[in-house]
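Structures given as structure tokens follow.
After this come two complexes, each holding subunit A, first together with subunit B and then together with subunit C.
What follows is the complex of A and B.
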């Protein structure tokens, strides 16, 4: 049964999320007067960028049927090191390299244990999550940094600056999304990631270097968390002991909402970014409509469940009818 | 030991009655009869807030010739804190003051300490209510809420809309402060509270929520961050949204978070108390109780020159209250380094 591309597109989760997104944009756009203003749309882009950047890494990990709950702690450690380096007056390009480097190092720590030793990812990353959070406490010694003395404006630009009217974090997000969407779709190693998630044994037999690919997936994720941490640090201007705490849950939620199968084998970068956008737009729109704050979690949770449910219904129809 | 203290206090009282005295702190800050060992266990060590309390405690210990022991867990952990209290009991001290991580969980260990004849107190946060002899309270929740509302009202020139960004929706202290802010709001008929949002203990989330609130209410004149992360968060949001001067950020937070914003004129005033003075009062009060002093209801504690407030004792709650909260502005912020 050859289905046209259009029909297949209609069946994807990305499409469901995009439709829900569109409906919400219309609702919020009609019922509030500021939702579609340029400054508000910029806010939404800013709010979504760090989660989106990290969710690219999380998407790859979940496609391999893995999970990474240490993302928030990695962001925390990188933010502390980046923040401290900034205050020492280290030049900005070098700081970026430090952020990426530390992220890569911490990601590769997860990657080597998951890939080469073969410990289940949830156990490994639970371990590194608390280990690295403890490291944040040690490095900060309880003191928050960045508020006084403040980070230099040239560094803050990564979080609050704009190019051509679009916030710099959004540029970073779009660029990385483009690069990784291409990588996952068209590069052989990108396709290996899906193969491993679908059936690791078959992947190994067919000559895919499963261990090396797993190692590189967690390392790449680490790099992306590192970049996210630089943006977080530059944007908030403060590194606190719980910077990044709970961040991993928001990232996993965006990824899963965007159609990445928690059991592995399917998922896309575009979907995860749509997922992150959906959550951010709901939160933003609810404030603009001045709906009671305590119902926020209720609405976000319901939309996650409904969209996943819609997905299952569609899949059911496909299988049985 | 205590009886000797009574005697001394009796002599001291007689001396006070006989000598015509001015109301200087000298009478209140008498040297202790012996170098009492007074321990303070904060929620966690190594954060600016409790460092400031430690400094105050040390200063009091020096003035009163007592020994001050400052020790506690590195994270706000309930079992670890209990372990520290247990170790202090074994070590043998005269008083243990705790800022409990969990008000109920410390009750058994505080009972154990009391059974060993140790004076048990709480400071900063109350707990073990039936057991502890005294709670040294930084400020009444009502005073904090009222002061914050007054500061907000003044910043808004007594009219217009304002919003609150709080921490967790279940945080009891934050909710109590908000309740009192709303009570006080009745005094300002031209001011409306338009929304209350929650951003947890996370500066980045506070910025996000703050930015959305600024979009939602373009006429907003003030935005209040209710905890130590929300206040700098909403201030940063005001700065990012280009609304400096149009929207006044304020709230409850530590001065080190706000120094830069205050110097740049983005935030004009915010509220907290002085933890250094709280530390001083705590060690002072412990010494008085060890010396056998009994506080009277509504008694005013005169520690002029030592701390900047006049604490009062509330017998019904066995609480010693430091005083009204402090308003930080460009004028006084550089005096504080926590």
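What follows is the complex of A and C.
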């Protein structure tokens, strides 16, 4: 007998994360003065948007049973190129295209090695991670850009502007989340991504072009990192050698926290966005409560371990009846 | 001669399937005892019981006049029963010495591994087998399968094994490796070990065995000394005289072939040629490893042919991927539903619709979920898949119902040619009958079916013509019902050339 939709919804990870979020919002709202202020909530949205945008790509990759630790380095390279182009006075629409294009190119590099050559994703992306970080150093030559001369205001709008009182990065995040949630749920290729993560051999026998799909997943992720890089660049107004460093870990954490199975086969865009929000709210709330920065890492780390542990317990139960 | 080991009245059921219905076997010191029987006769079940992997439902195991219980593989080990599987169970990146002593290391007084003593002991073990021990420092993964087996025999000797069980050891060996293995097995016999030797190759058995026991359908058909039995008699015992019920069907077979395979070769098989007509059921019989599955995988674009041609409706086609095969109207139901057939963590609807999901487009290029649901529902109803809804996760279904989902998945592509590789593997009797009826119905509707099956009754019952393969080539062709009998099929499957046409 089919359990009702309500019961099934209650059991999803997205639901659990949403509940935890709500509880945290109440705790922080009651115990701090500023948490629920408009400016603080905007601040949270701003913080969460770049991680969320990148986590959409990471979600697709992890669903295929892959991983991408080069996300931060790709963000770094794109940010440098976008920053330099901006200072050269290249028109804004073209700059956006450059960001997306460079992201796609770097993602497709990962994608072709993983998909067509068949090297394990962790190895490939560890390689591109250090390679691309070295490239950031090379391109910047030890300096940073954006502070003097500063980026033009028309460019910085992507990071700090607002439409209808909501930060532009949040608009970008919601739009992309909508597009990719639709893609994963309602398009044939979206299905293929889940199929590959569940059973690559059965996927191949079912006529799915496994290599091509893997290639396109890493390329799409590259595009999303590229967009995230444009936003980072425009929001902070500065690009340095460590731009994007460590970013991949925050993205992977948000994705896993949002219920995407690190072993592949299941996951959702909505979950990852909720996961990113959860991390951002914990960080923000703890700062407002004047807790030491150290605790923040402890709390986020524990939540990740507990949630993945819960997944494993759940999987064990399902397998045994 | 005194018997070292008895298995008495061993019974084992898996769910409703009677794998062993009361079998007896005895092993004597200094004797090679062969065990034969077709696939599913119960040989593997007995081996698993003797090596402590599974427990019998009833019956007794007696070792040196003492009744024993083998609850775990470790028990069997400690009792001196060593099982050597066809695919050696090894640690590839450890050396031969490390493999031999793993879990049984020789230690120094200080408790660290005494490498020198281990090396010396390893050399002794290989000397006992009269094999050159120069490779004992090599990584196991760098050795051929033949040498890996030898290393495992040495390991068993180190455990003072008294009983050696060989499970089809020569299936993946070259001829020279097999000869060397026989020498060693004979040496073990001469050292007084008891040997149980399982093989499909009757020639081998006549070469090395002293006695043979034949299994059929979970029964033992008796034990014979090799000099008192002939190859023909063994085949007869394996095949039995069981009446195989026939199924009536309206034959609707075309005059012209729709598929012609000419001289197809890959590294798995050589020079395979055959014709397939519209609406017929063509059987492919043979032993595991005979190359049948690989021929089918080539027809479905999973393996690239090295030479030969495939013609569809008289026109040559290049089947480069499963997608191309599907577009040509070919569907392939793979042998292993868990590893290559299904997405077990996903629901019925996902599994049935996945091959043609690209064609179920609705508004905004969205997957048309209504159409998808009705497709899944259609096959759930027609194949009588027992599940609460199309959203049930496959893991929660029985093996039989999973197999029906797999069939539904491929029927949904509306094929002209349906290749079924072991379509009733691991399903209960009821579902087997249902699947057989479905196959008949499909053939009556004009679909051409290639049925690969290791079960002779299934082939005999359903097929219009049968091709038998042995070690990568076709050894038997049977075009009329009266020749499609278990005895002929077994003869061809074990290497005798039998071409019979009208």
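Quick note on the criterion: the second predicted complex is superposed on the first by the 306 of 321 C-alpha atoms of A that agree within 3 Å, B and C clash if a C-alpha of one lies under 4 Å from a C-alpha of the other, contacts with A are read in each partner's own complex, and residues count from 1 in each chain.
Convention: a residue touches a chain if its C-beta (ideal position, glycine included) is under 8 Å from a C-beta of that chain, and two chains touch if they have at least 3 such contacts.
Every value quoted in this text rests on a predicted model; they were computed, and no experiment measured them.
Q: Between subunit B and subunit C, whom does A:130 touch in the aligned arrangement: first, second, both, or neither?
A: In the superposed model, A:130 contacts neither subunit B nor subunit C.
Q: After lining up the shared chain so the two structures overlap, which partner does A:160 touch, if you call subunit B first and subunit C second: first, second, both or neither?
A: Touch status of A:160: first partner only.
Q: Would you sort A:266 into first (subunit B), second (subunit C), both or neither based on which partner it touches?
A: second
Q: Let me test your reading of the model: by the given contact rule, A:205 touches which partner, first (subunit B), second (subunit C), both or neither?
A: Second partner only, subunit C.
Q: Could you look at A:43 and tell me whether it touches subunit B, subunit C, both or neither (first, second, both, neither)?
A: Only subunit B is touched by A:43; subunit C is not.
Q: Please indicate which partner A:191 is in contact with in the superposed arrangement: first for subunit B, second for subunit C, both, or neither.
A: second
Q: Subunit A residues in contact: does subunit B have more, or subunit C?
A: After superposing on chain A, more of subunit A is contacted by B.
Q: Let me test your reading of the model: by the given contact rule, A:240 touches which partner, first (subunit B), second (subunit C), both or neither?
A: first
Q: Along subunit B, where are the residues that touch subunit A in the complex?
A: Within the complex, subunit B contacts subunit A at residues 44-48, 74-75, 169, 194-198, 200-204, 207-209, 211-213, 215-216, 218, 229, 232-233, 236, 240-241, 256-260.
Q: Once bound in the complex, which stretches of subunit A touch subunit B?
A: It is residues 32, 34-35, 37, 39-40, 43, 46-47, 50, 137, 141-144, 147-150, 160, 232, 235-238, 240, 242-243, 245-246, 283-284, 287-290, 293-294 of subunit A that touch subunit B.
Q: Please output the residues of subunit A touching subunit C within their complex, sorted ascending.
A: 1-2, 182, 186-188, 191, 194-195, 198-199, 201-209, 265-266, 318-319
Q: Please output the residues of subunit C touching subunit A within their complex, sorted ascending.
A: 300, 302, 321-323, 325-326, 332, 334, 339-346, 350, 354-355, 357-358, 360-361, 364-367, 388-389, 391-392, 395, 409
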